[in-house]
Every structure is written in structure tokens, then in C-alpha cells.
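Chain lettering (A, B, C and D) follows the sequence in which the chains are written, and residue indices restart at 1 in each chain.
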Amino acid sequence: MLIIKRRINFYDCDPAGILFYGNIFFFCHSAYEELVKSFQLEFDYWLNEEFIVPIIKSAADYLKPLKHGDELTIELSTTDIRESSFELNYKCSNQSGDVCAEVNTVHVLIDKKTWQKRANS
Amino acid sequence: MLIIKRRINFYDCDPAGILFYGNIFFFCHSAYEELVKSFQLEFDYWLNEEFIVPIIKSAADYLKPLKHGDELTIELSTTDIRESSFELNYKCSNQSGDVCAEVNTVHVLIDKKTWQKRANS
Amino acid sequence: MLIIKRRINFYDCDPAGILFYGNIFFFCHSAYEELVKSFQLEFDYWLNEEFIVPIIKSAADYLKPLKHGDELTIELSTTDIRESSFELNYKCSNQSGDVCAEVNTVHVLIDKKTWQKRANS
Amino acid sequence: MLIIKRRINFYDCDPAGILFYGNIFFFCHSAYEELVKSFQLEFDYWLNEEFIVPIIKSAADYLKPLKHGDELTIELSTTDIRESSFELNYKCSNQSGDVCAEVNTVHVLIDKKTWQKRANS
């Protein structure tokens, strides 16, 4: 598991004063990038000749509004690691410890040569 | 049903050259805004004293990559209209007619005075 | 000159209810992309082996606030086309014809082989 | 002066692999928000009945490209504080210490009752 903290900025929120629902995915991806960075891989995970790892599914539940100034804590955990795909779960809480959003993304490993699913090495 | 067309811009795409998955929700919300506009409501749906309509759930399937320059067609349809909530479905196709993403959002009507769910009028 | 029209979306605006100042550059770039498209170039202007055209300077004056629902008209004109650079000016008006923002960007043509400025062909 | 550090995320960059020029303003605003927070004001600077502080001018020089994974350091300094306006300067460097962008924003204090410029208190 990996935990990141981020501040909700003014520009992340809409005229209703709350985080625009689509913006939660940027915060979550930022956690995912930190996770990949923590692996200290010897190749460029994000841009290489061998494979790409597109997101094929996303789902989010918005339980409580996040507001400008809130300190967001995202707990990222990995589930369901299969041969050519994996899922990431993000629990997004505010500074009071309330879970405000739960996000899930499904990632699949695609071989750039064959454009087929590829086994994790 | 309502249909909008939008161009995928350079800045909507990431270094892999494809639409960043979180950006699809902005295009879909743009269609939702056109839908609300088409109702020619006599009150301000987006900002008023009576109610708000937060999104409590979103889900997306990414079937084919969308790329810079693609002409996106979004078909927005409404399903599952209940007393205090409704769902919107967005079928997102490219200029070849391929469905590239399917998105679903669940909206709930909240009374600003009681902070309870409120019946559609 | 090229003219585009765009709607200001809910998510483009901040909790003060007006277009976040940084978002104007996305609308302007969208006009720039339409301009390039209108040239019907035989090569890929945006991604090719020969050159890139980075923006080295931007400036904006915000004269009147733009709001959710406003219909934005952007008039794009080209000025100061020199051997290896050019400037774009964007006049951004609302549906009442008021000029709400004036934006200027400076673009420079860089040869990918030498990483020097390159003459326009 | 205030210093913040931010990572350039994958989604901040465009298909050319560099930070989209309009995205620098979001990073800079994030520094501005931290500055305001550091003042520990007893009122809500961002949303209140008395005044607003719109940005009326922005300017940016892009000196070197910022890339995915770069660690951005922003040094925010205040200049030219006048009765009803102030300017902010942001020096944006990468992890090698190279200044990659210099940004300037002009902010003006507007009285919400009279819609005139208002003296700083």
C-alpha cells in the first residue's frame, strides 16, 4: 500500500464549491505514478518500445463532497493481479478521516509488437 | 437522446498520445450541460437555493483509444429515472463510428434545506 | 483570421463562479489547432521527426469575467511572422460582444536535428 | 518568499511529452494558495461578502521544457504591492536547478459592494 497527501486547490473545484467529480482521477493517477516510481524500475514504465498499460475501466463512488482547502489522503492498494492485468483501489479521505471517494481502475498490459495482452514478467 | 460532437485536442492527450482516461468525464459533462440547457428551465439548475444534484457514482469502459484530432460523438441517454435520482449513459464514438468509451453517471437530487434526497418535481 | 465558438462549461469555472484564468489558454489552443487543421498540411504539424513548435511566451489580459454558460467567441489572428517564429493573438468575447480576454502566444520553430531555430519553409 | 515542490504528472504533459504551456498556471496558483494559507487570515480570502481578488493579467516565459517526472520547484515572490493591487512572480525550476519558466500574475482587489478597486487593509 502507498499513501499520498494532496491539497484540494481552488481550481479543482466547480462553482458549487466542491471537487468536480472528474478531477478525482487526476489525484488518483498521481498516487499511481508515485507507486510506479517506488518500484525503481530499470526501464521506462510510461514510455517504452515493448508495452503499454492502458486503463480499460474506471469506477468511482463519491460519498462526501471534497472542498477547496481539504487535505486529501489517498490510500492506494493493489488487488486482483492477474497475468496480464491488475486493479488499483484508491480510498480518498479528507482531513477528518471521512472517506469521501472510492475509486477503482483496471489496467491491462498490451504488447506493442503483437497488440495482444502480455504476461507480467 | 442528445448528441454532441467534440474534437479531441492536443492537450487532452498524454505523452502516450491518447486521451487521458480522466478527461472523458469532461467531454461527457459537456453533453450533460447541453441536455440541461435543452430543457429551457425557468430556474438555474446549476446554482440555486433549493437543491443540488451531485454525482454519486461514475463508471467508464475504455474500449478503444481516442487520439488527438479525433472527432468525438457522444450520444447521451437517460436511464433509470427514479424519484430522487437518475442515471446518464454516454456512448462515445470516433469518426469511424467505433465506440471508444462507454460512461455512466448516477445523479441524486438533494434538498439544500434538509440535506435529504428530494423527489423530482 | 479564424473564428471559433465554445461554451464555458461548469467545470471550467472555479468556486467564485468565473472561468479560472489558466483555463483560457486551453480554449485559445483549441482555436490554434483549428487554424493548423485549416491549412490541410501534408505532414503532421504536431508530431513529426523534423521540427517542433514550442510556445516560448504567453500573455493574457482579463478584462471581464467569463461565466458558466457564456458563449465564447475567439478571433484568432496571426501577427509578426518572422523567419523562425510567429505570434498568435486571440480576442475572446462573450455573447454580448464584450471582449473579456486578450491572449497572445509566441511560437518558435525548432529543428529537431540541430535543436536550433529553423527557417519557415 | 515561499517555495513549493511539485511533481510533473503524466497527465500534465501533452503528446510531445512536455508540460502543456497552460498547465504551468495551475502549479503557480497552487503556490499562491499556499502563500495565502501561510498568512493564517481570520476571514475566508477566497470566498467572502466583502471583496474578490481577480487576476487581471498573466505572463509567462517558457525557457526550457518541463517533462513527466520532473520535480518542479516554484519560488513565489511578491512585487509591486500597491493600494489596490499586487503582483506575484513565480520562478519555476526543475531538479537540476534550471529555470524552466517564469510567470507573473497581477491581482486586483475589488469591493463587492461598489465593484470599484479597494484599498488593501
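What we mean here is this: a residue touches a chain if its C-beta (ideal position, glycine included) is under 8 Å from a C-beta of that chain, and two chains touch if they have at least 3 such contacts.
Nothing here was measured: the structure is a model prediction, and the numbers come from that model.
Asks: What is the touch distance from subunit B to subunit D, in steps?
Replies: 1
Asks: Validating interface symmetry: for the copies subunit C and subunit D, is the fraction of residue numbers used by both over half? Same or different.
Replies: Same, since over half the interface numbering is common to both chains.
Asks: Please identify which chain has its centre, taken as the mean of its CA atoms, farthest from the centre of subunit D.
Replies: Centre of mass proxy via C-alpha means gives B as farthest from subunit D.
Asks: Round to the nearest whole Å and give the separation of the Cα centres of subunit B and subunit C.
Replies: The mean C-alpha positions of subunit B and subunit C differ by 26 Å.
Asks: How many angstrom lie between the centres of subunit A and subunit B, each centre taken as the mean Cα position?
Replies: 21
Asks: In subunit D, which residues are in touch with two or more of the other chains?
Replies: Those would be 10-11, 15-17, 20, 22-23, 26, 29, 46-47, 68.
Asks: Applying the document's contact rule, which stretches of subunit B touch subunit A when the two form their complex?
Replies: Residue list for subunit B touching subunit A: 15-16, 18, 20-23, 25-26, 29, 46-47, 52, 54-63, 65, 105.
Asks: Sort out for me which residues of subunit D touch subunit B in the complex.
Replies: Going by the criterion above, the answer is residues 10-11, 13-17, 20, 22-23, 68.
Asks: If we count contacts the way the header does, which residues on subunit B are in touch with subunit C in the complex?
Replies: Subunit B residues touching subunit C: 7, 9-11, 17, 26, 29-30, 33-34, 37, 46-47, 68-69.
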